[in-house]
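Contents: one structure, followed by commentary.
Chain naming follows the written order as A, B, C, D and E, and within any one chain the residues start at number 1.
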Amino acid sequence: MTEGAKPITTKSPPLAPAQAKAENWFRVVWTDFTASRAAVAALGVCIVMLIAAILAPLIAPQNPYDLMEISMFDARLAPGAVNPEGFHFLLGTDGQGRDMLSAMLYGLRTSLFVGVLSGIIAIAVGVAFGLTAAYWGGMVDTVMMRVVDFMLGFPTILVALMLLAILGQGVDKVIFALVMVQWAYFARAVRGTALVERGKEYVEAAISLDLSHARIVFSHLLPNCLPPVIVIGTMQVASAISTEATLSFLGLGLPITEPSLGLLIANGFNYLLSGLYWISVFPGLLLLVVIFSINIVGDRLRDVLNPRLQR
Amino acid sequence: MAEPLLSIRDLHTHFDTKAGIVKAVNGVSFDVAPGEILGLVGESGSGKSITGFSILGLIQQPGRIVGGSIRFAGEELVGAETTRLRQLRGRDIAMIFQDPMMTLNPVLRIDTQIVEAILAHENVGRAVALGRARDALAKVGIPSPEERLKAYPHQFSGGMRQRVAIAIALLHRPRLIICDEPTTALDVTIQAQIIHEMRLLCQEQGTALIWITHDLAVVDSLADRLCVMYAGRIVEQGPAGAVIAEPAHPYTRGLIDSIPSRNSRGARLKQIPGMAPSPLALPAGCPFRPRCSYADDACLNEPSSIGVGAGRDARCVHPLVARVPA
Amino acid sequence: ADLTMGFSSEQQSIDPLFSRTGPNQTAAAHIFDRLMERDEKGIFQPSLAESWKNVDPTTWEVKLRQNVKFHDGSPFTAEDVVFSIERAPKVPNSPASFESYVRSIKAMQVVDPYTLRFTSTTPDPTFMQNVGGVFIISKKVAENATSADFNSGKVAIGTGPYKFVSWTPGDRMQLLRNDAYWGPKPEWEKVTIRYISNDPARVAALLSGAVDVINEVPPTDIPTLKKDKRVNVINAASIRLIYIVLNQRDDAPGIAGLDGKPLPKNPYQDARVRQAISLMIDRAGIVDKVLFGQGVPTNNQVPEGILGYNPDLKPKYDVAAAKKLLADAGYPKGFSMTISGSNDRFLLDGDLVQGIGQLLARGGLKVAKVEALPYSVFSKAAGENGYGAWIFSNGNSAGEAGRGLESMLHTYDKDRKLGSLNRHSYSNQVFDKAIDAALDEFDDAKRWKLQADAAAIAINDGGMIPLYHQAVTWATRKGFSYAGRRDEATLAMSTKTAK
Amino acid sequence: MTAAMHARSTADVTPIVEVRAISKRFTRKPDLAERIAGALGARVDLRTVHAVDDVDLAILPGEVVGLVGESGCGKSTLGRMIAGILPKSGGEFFHEGVESAAWTPLQRHAAVLAVQMIFQDPMSSLNPRKKVRDIIGEAAVVHGMTSRAAQGDYVADLMRKVGLDPAYMRRYPHQFSGGQRQRIGIARALAVKPRFLVCDEAVAALDVSIQAQVLNLFMDLRQEFNLTYLFISHDLGVVEHLSDRVAIMYLGRIVEMAPTEALYAAPNHPYTKALLEEVPRIGAGKRTFAPVRGEIPSPVAPPPGCHFHPRCPFAMDRCKTVRPVLRAIGSGRWSACHLNDAT
Amino acid sequence: MLVFIIRRLMQSALVLFAVSVVVFVGIYAIGNPADILLPDDATEQERDHAIANLGLDKPLPVQYGIFLGNAVQGDLGSSFVFNIPSIDLILSRMPATLELAFCALVVALVLGIPLGLLAGLRPGSLLDRTIVTGSILGFSLPNFWQGLMLIMIFSVTLGWVPSSGRGETGSIFGLETSLATWDGIHHLLLPAINLSLFKLSLLIRLTRAGVRETMPLDFITFARAKGLSETRIVGVHVLKTILVPIITVLGMELGSVIAFATVTETIFAWPGMGKLIIDSINHLDRPVVVAYLMVVTLMFILINLVVDVLYSILDPRVRLQGIA
């Protein structure tokens, strides 16, 4: 065809628009999402928790990380107790004399940080891995999936202990350990979706338009593989928080001076039989509420994002 | 014409969706006589399948038959007990679906799926049922049915699967079979085979057939009578040959004209302008009005069905053939 | 009557000579006897050895108990002792053999079936305590036997109060009373020992009546259990010492100036800093608050009543004095440091590290990091100059202060095998001389004095900072009583029906 | 036979696309495990699908070639190879007379872009997460045919050409009807200024009324840009309406090729005859159907000799063993049938 | 089929090799087993002695070489802690864990699938919402916490079941199992429930999702059109269809039961492999950890093999060769 052909007026009559209003995809999802009151409430809880976590240093009555502020002479005070200096412990104190309320706020902060960050990194790593495997297929796929199998088979505890020994203790190390055990799930999940998407004709169209592999993988394939990832992501955030708690219970988690919710529960676990319920039950309830809300939101998202269940 | 086997009057089936009420079937009436082949054509989304499902009471949430009557051999099916409907399904009224790849359960063996259909209506032993299943397969021309019974659906080609579905439909010698685009997904050669077999079986057993399709050519070569659906209504019906030779409704005309044919080679095709209306927001009056070149103010009122020839009627204010008082 | 006990940890083998760690000795003590046994207070008493005398500094003559029979009915003689002692250092794959107990034996001589004569390589006042700790097995059945043969029960034959019935690793061990036992007859005919490592689960097992006695009662539960009518709580101060050491190497990690920059000199090399740190620690407070009172604050290597105890060394808590010492040493505002410890090695070790961290912060140091690690990880770094200040525990098995003081505080000397636990590189010539002398003294009273003096030198110098002696706790159901033991052992023989 | 084809191709015009003896086999190489199992005597089932089997085809500029055949006979696979989506497993591929092995990177790029494909399913061929503007304009921007700034105008222009309102540029594919989506696909292909369109069942999913719209558009564009088409379909009516030449495929091979009129007037190959007989025609009235006998053989284990012989009413002994070659039987007419030798 | 098994075995050999290398290097990095096994007051000589006794004095590659040499002959070494061949140690603990995992799985299946079906058939109903909420609770709390709560409620407070340990075992078909005695079942109850909670939630959710996706499919409508009863449709058509993904996930999860069993076994003093591995990891008992991982990996491979075979039985469309 000659360059700059003059536009023709097609003889086909213009078609009527398919829908009266151009609707934003996110708007559609949001409208569907808000149809469930429970989901909206859960989302509200998540947001409140997130804000509380972010603002923990400002709203917590005490800085539980500061060894100067806490005193073991305040240890194990019941909820509502007041110490000689007149400090009011609304939810009591733990075995170290930390104000439970403050410790829980900071713990929430750590837990969410650990859960969300490890989730995001694991998603990024897993998604890149899974997409690559699915796009290239063949030998690449086989080798990469065996690596995934290997990772899935390794006990979390051993991974955590090895990393603890090699890298030392700290929030970043725990996140690393969680990423190590989580990414493989995402790689698996994404590969499944990507294999389906890979076979769709828009990918072939992109190939015939001579677009680069990187562009096809990340600009075409990736966005279409994300919805299921988002859903597993919310569940994995919850499971990361829970796993971190279990690691802490086994003594492989975070530094004990900077407790997460899981570590608080694990610490308080020892007091449960003695009737010092608040040390374990309060953070337990908080964790329950958080994970519960995240899961409700995730469930709802899954329903909303699943075209088969959409009306 | 003989006493109708199936008589549908003013059927309304609606879907209550978030976006609004979808009037998928919006006042459909037609009769089917025993042994008759009725073609039901129309654009995609015009409500053909939903009409078929309504007859069997298989409308799923959020759909509902909101009005009208379906009488089968004198018995009212709208609002009938589920147990009664279940007795009729498969035994008196059978249905064959559009997509042969999807109608058989992929994880169950062919024999299981045939035998369970037999046992659902007859109290016979498994061995007897198996024998019947084998005969049924043989009847629809599946070679070595004995072995094929043990196969799974994926081991069959599309045509063979569709034949299994037909075999299941014919098991109890039903009086009416609803074929919902049974050959759309198949090749012409297979399509020919299936049409051939169906017709043969109907002639043998005196079964009535509702053949749902959007391929007018198939209907023309097969059906006795023809119903044309548009936006949930029947806009024209009559003997197949007559309707196709001389359509009365502008929509039928448009449909026939837009099919490429021998003599159209290289020429531009005629096309129906515009799009099918959304079932959520049907235009007032004649739903075809916005796309119709004959439309005028008279069309703003809902047209009623008028006689346009022997056994023919159309829902149009400006029929393309002479109006004949009923 | 039958007895079921819930143990926190399990033996590694029924072979009494496989490992000399606590759980193994506890299990073996039911089935086997030793030449000497510790009593409940931790003092050595004759057992299979009826008496002994020091012929000269390197020669010991031991009279064995007569009419003692092994479980299979064969008599116990000097040959069995020689066999056991010879086998002790040679058990294959042993991770913690009894070699150190018998190392100083130069020769053994069977004088008659019930008399033995030992020669030691060097004059060793604690010779009998070491040799007396070896479990005696039957030469007749155990010759050429492997540890596996003990586990299967084939050769698990001793002279002890109980006969071995079965061991299901991870779950339980079953014992049957030895009615032919030479000593006091134990009360329980059938004894089941169950292994329940999880603390709350062990307590729950007691409360639900699944077991009659448990050991290592978690301190967190002690106040409640004490109030509980269904159970008794028994306490004993153990010999185990919990202490802090300060790394005195030039390249000790974890220390920095307040600005985070490295300091020109390791402050722990200054005795005033070490003393200040000792003064910062409110040992009574720790024991009271962190340990629920389950410990005895100390500034000694051994508890009161044990050889080497120095009554003058009293725990002192004086933050003002500590600050002054720090200022004198040139750190008026302190410096930045890290305190490390384990979190699964001894009772409440994780909490303890945090408590110490709090006290150090209040005492004027900048505590940059408090780390509590699993022992598997902690122990490695502790041995590799990985920490600046850390908390350790030491379960003294020698029955006196001397050996412990030497290994923890003597200047490290590879050739003379001295100071082997001195990983923090403490070195004090005065102390070295004092302890060397104290170890060679045969006279108990003199040795006590010498060891107590040596202890004072090192502890006042901040060579280590003793914190407390851990209390060991048992709990029984109502109707049972337990005689608490300083050596932390939990024995069916010490369990009685309550009067 | 190829001699004759070459004669045609070496005439005045170079074919825009030519394939010689091209084939596509879908197969798996036996891996180590399978080789071991094979050595142990296990029957290792390595199915090879001869999706396309030694096909010759030359398409001249401006021509519309229809490709007809049963489902699974390899039409799409051939189309995909021509469009550069699938690598071929054998044979030669010429673009403007240059063999693919001899392509420079620049020639490869040009060859890939010059041949574009229109897909059957208009929905799955459009990326649901991209706006129409990007779907159409992305490649043009990437390949420097327009600038990012000018992308809007470029896309608007194309949309107008295919009869879409440029106002819908910011919408997502799901907000369009089937016919409109197919137009988006066409605009996307046109955006890289192709000379050749492979239409793989491009109207099969559409309703008759919309099908008419899209077919009309194809004809308009052909005039406008002098485009060349390979029009794949199993709808004989549509092919007849559009094509200059028709090739009939059966189980991976082309069995007949002829100018449209000649083919429909007098089919030569028994398979073509059977096909044309079974096409229901509107206005023909009720008729009987005489089905082709036998089952469609599987491409995994195609029958030897002539693939069609098990279903052929005229099958001879020779048909069962010898593969008939595609031979000229008249001007521009080719057929692969042993019956032609007899006469 | 043979190909499939051969391929799996070759792949597993590679995986086993990788596992052993990682464990060797990993444990070396964590610490020295001798430090943990020795008493606090052990002297340096004792330490050297122990290290030599355990063969830890040689360079790591040499240690690995020795291990590999023995492993090829089927000897995975003896436990540092127990001085028992590590394979024997693991095998002796295996029945307890398998029995626990099996019961947990049965509990999850028996409760999970019906609940999931109930919820999935009536989406949005009160029953559905209750079940779904409950299922989220099932994995919202750390497992160890749930375990202790169970003990507190059912054995300490109510005194219905024992709090810990394995009860008497009897033998069924020559297998030593607690399922053979009342006392054994009694002891098994709480840990099995605790272990099953997660699986239960998972199964409920899987089943529910499966039902919701299957019900609108054509073949269900076709089954109705055949005149089948609702019971048959749900019980055969729906159930058999959703069983495929359920089996796959369960197969993967069965492996993780062992991982979760670690926590459950610790809390309930259950003498199984999970407790052994955590103890062994804490003791850096390398031979046991290596052998354990080998056994578990093999088990994983076996389970996956069985699952894949089951899968191909359940879903005839799956050809075994297709699964890598």
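Assume contacts are C-beta pairs under 8 Å (C-beta built on N, C-alpha and C of every residue); 3 or more make two chains touch, one makes a residue touch a chain.
Predicted model only: the values in this text are computed from it and were never measured.
Common neighbours of subunit A and subunit B, by the contact definition above: D, E. Taking each chain's centre as the mean of its C-alpha atoms, the one that lies farthest from the centre of subunit B is C. Relative to subunit D, the most remote chain by averaged C-alpha coordinates is C. Averaged C-alpha coordinates give centres for subunit A and subunit D that are 47 Å from one another.
Between the Cα centres of subunit C and subunit D there is a gap of 85 Å.
Put simply, the C-alpha centre of subunit B and that of subunit E have 53 angstrom between them.
Separating the centre of subunit B from that of subunit C, both taken as means of CA atoms, is a distance of 89 Å.
Residue positions 268, 271, 275 of subunit B each touch two or more of the other chains. Residue positions 30-31, 148, 152, 156, 216, 281 of subunit E each touch two or more of the other chains. Looking at subunit D, one finds that residues 177, 213, 216 touch two or more other chains. The touching residues of subunit D, when paired with subunit A in their complex, are 80, 83-85, 109, 112-113, 115-117, 119-121, 124-130, 138-139, 142-143, 157, 160-165, 168, 170-172, 175-177, 179-180, 183, 185, 188, 192-193, 195, 213, 216-217, 220, 224-227. Listed in rising order, the residues of subunit B touching subunit E in the complex are 53, 56, 58, 60, 86-91, 94-95, 97, 99, 102-109, 116-117, 120-121, 152, 154-155, 165, 168. Those residues of subunit D that touch subunit B in the complex are listed here as 70-71, 177, 207-209, 211-213, 215-216, 219, 234, 236-238, 240-242, 260-261, 264, 274-275, 278-292, 295-296.
The touching residues of subunit E, counted against subunit B in their complex, run 215-219, 221-229, 232, 236-237, 240-241, 244, 314-317.
Residues 30-47, 49-50, 53-54, 78, 80-84, 89, 92-93, 96, 148, 151-152, 155-156, 159, 162-166, 266-269, 271-272, 275-276, 279, 281-284 of subunit E are the ones that touch subunit C when the two sit in their complex.
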